[in-house]
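Two complexes follow with subunit A in common, the first pairing it with subunit B and the second with subunit C.
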Partner chain A sequence: MEIRLNRSELVAELVPMQGIVERRTTIPVLSHLLLRAEDDQLKIAATDLEVSLTSSCGGEVKEDGAIAIQAKKLLEIMRAGAGEDVTLRIDQEGMLTILVGQSHFKIRGLPAEDFPSLPAIDAEQATTIPFPTFRGMVGKVAFAISSEESRFQLSGALMKMGEDQLTLVATDGHRLALVDSEIQGLEDSEGVLVPRKALHELQRFDGDDLEFRKGEHHLSFSVGRRQLICRILEGTFPDYERVIAKDNDKTAQCSKAELSGVVQRVSLLTGDRARAVKVALAEEGLEFSATNPDLGEAREELACEASGGTLAIGLNPDYMQQWLSAVETDQVQLQFKDENSQCVAYPVDGDDQRYVCVIMPIRL
Partner chain B sequence: MPEIRLLDDRLVSKIAAGEVVERPASVVKELVENSLDAGAGDVRVELAAGGKRRIFVRDDGKGMGADDALLAFDRHATSKIADFDDLERVATLGFRGEALASIASVSRVELRTARDAGDGNLVRIEGGHVRKAEPISHPRGTSIEIGSLFFNVPARRKFLKQPATELRRCVEVMQGYALAHPGTRFSLMHEDRTLLETVPSASGDQDLEGPDIPGLKERITQVFGRELATKLHEIPTDFVGDEEAISGFVGDASTTRGRRLFLYVNRRLVRDRMLLARFYRSVRDVWRSEDFPALFLFLEVLPERVDVNVHPQKAEVRFRDLRFVDRVEEALRATLDLARAEGEAPLGTPRSLPDLPAAWEGLGGRQRVDGNVHHESDEVASTGREYDTNWRPGSPEAYAPPDRGAEVGPPLPAGSTIGSIARPTFEPIRRGDSPLAGRGKRLTPFRIVGQYKGSLILLEGHDGLYLVDQHAAHERLLYEQLRRGMAAQASASQRLLEPVLLELAPAEALRLQQLTPSLEHSGFEVRSMSGTTVALTSVPEGLSADRAERILHNLATAEDLGGSESAGDGDESGETTDDRSDETSAAVRWVRRRLLEEIAADMSCKAAIKIHRPLAQEEMETLISDLFACSQPYACPHGRPTVLHMSDTEMERRFGRRG
Partner chain C sequence: MSASYPPSARSENHPTDSLVRRILHCDLDCFYAQVHMRDDPTLRGKPVVVGGSPTGRGVVAAASYEARAFGIRSAMPAAQAVRLCPDTIFLKSDFSRYREESSHVFDIFHRFTDVVQPASLDEAYLDLTDDLVPYRSATHVAQEIRRMVLRERGLTLSIGVAPNRLVAKIASDYHKPDGLTVVRPHQVLDFLEPLSVRRVHGVGPATAERLGRLGVETIGDLRRLDPETLTARFGRHGRGLHDYARGIDDRPVRTQRERKSLGHERTYSRDLRTLAEMDEQIEWLSQRVAHGLEKRELVARTITVKVRYGDFTTLTRSKTLAEPPMTADHIASLGRALLRQTDAGDRSVRLLGVTASGLDRDAMVQLELFDRP
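Up next is the complex of A and B:
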């Protein structure tokens, strides 16, 4: 193998690969990237067996060939390299020679055959989705994905297409975030569970269009030259429409920035263990309070448009803050029923068809 | 007059009864075994007051004639063996001829039996005396009713627990037999409530033609629910031969939460310590784990090759061929390997980290095996990992860095000493004597010699040198503080968006129902759903649903809550309030302790001072005296040692000053 290419272009493709490769793994080849020179380009692939990423970088191929090279070291060398001209060459079995600027590296690699074969998506047609819209939607629900590996059906977000509409839903069992956006040309189809890592990596991509394909067990997301393939999470996602309470009759509408400030200040005095803020709804507005048996207590009132009656409920301030930082509007509305029922929160006059966060209460 | 005299027969019977009949569950066991030995295809058990008031067992077995019905109650009367040779190859569950005689001597028994429908006999016995024997009409089979157990042995009756507890033990016995006999219908009713109902498997009972694997699996599904059944891995068929068969199932890593270990030898449920020890050892070796998965092990050997007559309740067995146990272990290892390989981490992520105490890992500038030369940065990485207590065995998450930046930062420059333990503390060490309180407020003169590499505190004691891991010590300290604080307040409870459903065995569901009030006090909310499914609707704040589920499973299957063995007043119908409150408060304490351990261990580790941190003399003094005021100063909450001791004797020996 021998190929000449541009260092900056290569670095740009190597960076997103780092998020995919396993750093601590018992299978050495998973910390490697597969490099393959053919068709006037260097094809690059990374995988952790769940999520895979492929990309390419144009170059001048003198001889076809392939090798697996440690991802981190390759990026370090390319970052540090002086000069834009890079040559990758295999002079000797299992060794990659890298010429960059005046430097000469010989890096031990693993045979390309050892690299896991990536799943092929045998899907008929791709669905095109405007990527900036998609990325924005991911940002609005990603915080609610569970980090508990054992509840694996919650360690991803549900992606569901409807008639001219795309829905993303995520939950960790304590709260749920859902966003609906209008996207012309989509057709009704069954929802799929996309793993957290895939969504996380996708958020770093740039491009205008996302081509989405669904295979039997895998999903493919293509943006420009990059293609991310992930396994579909198995499992039943909760019936999210049922969770979004429609009969919450007590409401409070207030400024997002003010609410976020109050919650941040009051939560300074929540207990170390029990992260709960007491929210009391009265006619004139909301009162937030927190007590820490070791430290003391905090209390702050927030004037807002309230209606429907009074109540007091315990909520996790982190759940509120994470949602508030994803909200783009100035005003938000909180809806309550009683202290045992979920709080349902909406942005007021948002661009999305629907953006909602459901937070289950804490009994104090 | 001689002081030694022969005991009269009735007294002998009562004493002997204690060996076989301990509680209602042992009666149920003996009677169900009799039914199975009689070839029953349908065994129905009814209980009242946990079996203390009434135990009724009815089967469709071969029944007994008039003479046998009476003879059956004589000691050592049995139809199951005839001579010594038979004892050598017992194929039936019972054989000593003790059970009925023992039971009859301590209760009121009414036996109805018939070899052919209609032509039956009734025998009524009270405390060992035959009160009535007459012909009656009865369908083929035997019904036996045991009333007022231990009515004439008040001492024994006092040791019975409250009905719910006795009932649970009976259910466990029934579950045990139901699992091993998939061709037989079992049902268990308690005061008009059906607790267990199994239907015979379609594949039929193939008594001697090797194990009926699909039937057994179906039976497991009936008793424990479908979820568990899908997580079981079958022991490979390589271990089934003509003269012996090792078959059954081992669960995957997600089945470790409930302690479901069932061992059968020729369909007899045993708790053989040797077999269990082999299983534990296999799990430790193959999985590198201290969490043991579900096990359903069915061993079939020729009756003459196994001695079941070594334990009064036949809980232990002895194999003539000692290497048989080795073959069992081999089968278990092979299956554990399968159960692991097909688990969540398909390519063998290591299940546990090497057993290195945190503080020691960095001390020698240990290099990692992958030959990375920047060992300073390695130390940072390795110690960082050591404090990551979110790590769980078998969790692939453990190996993924929590949040990867889009870019990989530059490598640490060579010679960087961030976090390196190799940095010496050159400040001259001030040496002062400070008597420190030891455990139990006993003052033990310790002198702080100083701090070693910002990580260990060295103490001079009267009998040698003590090394204290400052992180572990502080962790222990915070843990006990937290535990005290948390015990004082009620737990906040996070409601779940969707209930988590737990599939339990009948006995486990009963146990949880019993504990519901104490669970609520600790922040759990559970609701019984249909059958034996329990819905978890709220969890204590700060506890993940996953861990909450694990605690509940452990609780449901825990053998003992650690409560004192309290005595009832022996009244058939009720318990003293003491009994009940004792067991309940033991449960409350147990639940709270488990919770506190889980949460506090986590939090204290995060908050504790790390190694590589120089401490002032005063800080060390406070830490050490606080540590030794702890209830358990010698281990951190994760079980690692806080203190190492090198005795003067040991040092003298090493310096060659003594032999």
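Up next is the complex of A and C:
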């Protein structure tokens, strides 16, 4: 194998690969990237057996060939390299020679045959989705995905297509985020659960169009030269429409920035173990307070348009902040029923057909 | 033992006084023996011992004051008790009866305050600081408790009244049986001065012996020992001793004994062979753990599964979560996952256990959006 290519272009493709490879793995080859020189390009692949990423980088191939190289070290070398001209060459079995600028590296690799074969998606018809829209939607729900392994059916987001519409929903059992967007040309189909890691990595991609394919057990997301393939999460996603309460009769509408500021300040005095901010709704607005048994307390009022009556409810400030940072409008509306029922939050006058966050309270 | 000033006047004239706590240590006199003697008048006035049989290897659980006069003490082998007093009447202990009686007495404590910390079936600390009605002192309450327990339950108890648990405990023991000892804040040092260091919380025979070698016999001696020597010889324990010798004790009266863990385990008459039957047992154990947590208003952060294989090798696997698992189903799903980190299934299993720890009494509970599947 021998290929000449541009260092910056290669670094750009190596970076997203790092999120896929397993750092602590018992299978050494999973910390490696598969490099294959053929067809005037260097093809690169990474996998953790659940999520795989392939990409490529144009170059001048003198001799075809392939080797698996440790992902982290390769990126370090390429980042540090002085000069744009890179040659990757196998002079000796199992060793990759890297020439970059005046530097000369020889690093040990693993045979390309040891690299796991990547799942192939049956050549089904692809659905095209504007990628910036998709990426924005992922950013609006990703924070609500559960990080608990034991609740595997919540460790991903539900992706569901309707007629001219795409819906993403994520929940960790305590809060839920849902976003709908109008996308021309989509057709009704059964929802699939996309693993957290896949969505997380997709957020780093750039491009105009996403080509989405659904296989029997895998999903494929192609953006430009990059293709991410992941296993479909098995399991039944909970009945989310049921928890988006329609009968919350107490509302407060306020500025997103002000709300976020108040929550941030008051939450400085929440307890270490139970993070709860008490939110009291009155006619004049909202009062936020927090108590830390060891430290003291904090309190702040936020004038806003309130209606429907009074109540006091405990909310996790992190849940509120994560949602607020995903909201793009200036105004938000919070809807309450009582201290044991979910708070439902909407941006006011957003572009999205529907963006909603449902937060279960903390019993104080 | 007269009544103190009314609290309102006290807080005006002696502002620092509002920081002084009013703690009672209530101790039923030779409780187990007393219960038997109350119910059987023929036992009264006689040396009575509750506990193991004098012919076997049993030990004394409780001795009446008449028996104590012969030198019989708790935890002494029953055979030795017979040697000290051949007329001793030995009774088998009946814990369900003691528990029943104890709960009646504790009900009386709770008439005066909710801040009751049981130390055992026959012993409790009460913090009256926030529950004293005007013109009523802790001493009054102590007298009232003693009167009620005698009238309603026919039992005597000794009470120590003091600004903290340490001194209250020493005081309750001061005039026993059927005594009341009140130690006011300004009397604490004089009260402790002549008493043996063995009375101090945390001073057992070993510490007492080491202190003895330093010439320390009384609490007064201990107080005069310089703090450097204490810390040098006894480390952190020494700092505690330094405070205790001065009658300083900030330990709060806790309304419930703080649990460190809550668990259930089961040994099977026939080894379990399949994961399916083990899962079933894990679910059953998780139900019990979840129920126990709920009943005590606790939340747990860590779930541990214990597995004992057919050959008696035993191991545990744990998982700690950021958010406490609440329902039995959630504990069970963690339990099943932990079980799969063992060789259970490949190897047969004779015991399974599920334990919740990292317990938190914090009433703040994150509510669930969905019923757990």
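Quick note on the criterion: the second predicted complex is superposed on the first by the 363 of 364 C-alpha atoms of A that agree within 3 Å, B and C clash if a C-alpha of one lies under 4 Å from a C-alpha of the other, contacts with A are read in each partner's own complex, and residues count from 1 in each chain.
In this section, a contact is a pair of C-beta atoms (placed from the backbone, for glycine too) under 8 Å apart; a residue touches a chain by one contact, two chains touch by 3 or more.
Everything quoted here is computed from the prediction, not taken from an experiment.
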Fit-or-clash call for subunit B and subunit C when the two complexes are aligned on subunit A: clash
Partner chain in contact with A:276 - subunit B first, subunit C second, else both or neither: both
First (subunit B), second (subunit C), both or neither touched by A:22: first
Which of subunit B and subunit C A:176 touches, first, second, both or neither: both
Per-residue touch tally on subunit A - higher for subunit B or for subunit C: B
Overlap of subunit C and subunit B interfaces on subunit A (superposed complexes): 148-151, 171, 173-176, 238-239, 243, 271, 273-274, 276, 314, 316, 340, 342, 358, 360-364
Residue numbers on subunit B that touch subunit A, as the complex places them: 254, 344, 346-350, 395-397, 399-401, 404, 406-408, 410-411, 482, 485-486, 488-489, 491-498, 500, 523, 538, 541-542, 544-546, 599, 603
Touch list for subunit A against partner subunit B, complex: 15-16, 18-19, 22-27, 48-49, 72, 75-76, 79, 147-152, 171, 173-176, 197, 204, 238-239, 243, 271-276, 293-294, 314, 316, 340, 342, 358, 360-364
In the complex with subunit A, residue positions of subunit C that touch it: 319, 321, 323, 330, 333-334, 337, 360, 362-370, 372-373
In the complex with subunit C, residue positions of subunit A that touch it: 148-151, 153, 171, 173-176, 236, 238-239, 243, 271, 273-274, 276, 314, 316, 340, 342, 358, 360-364
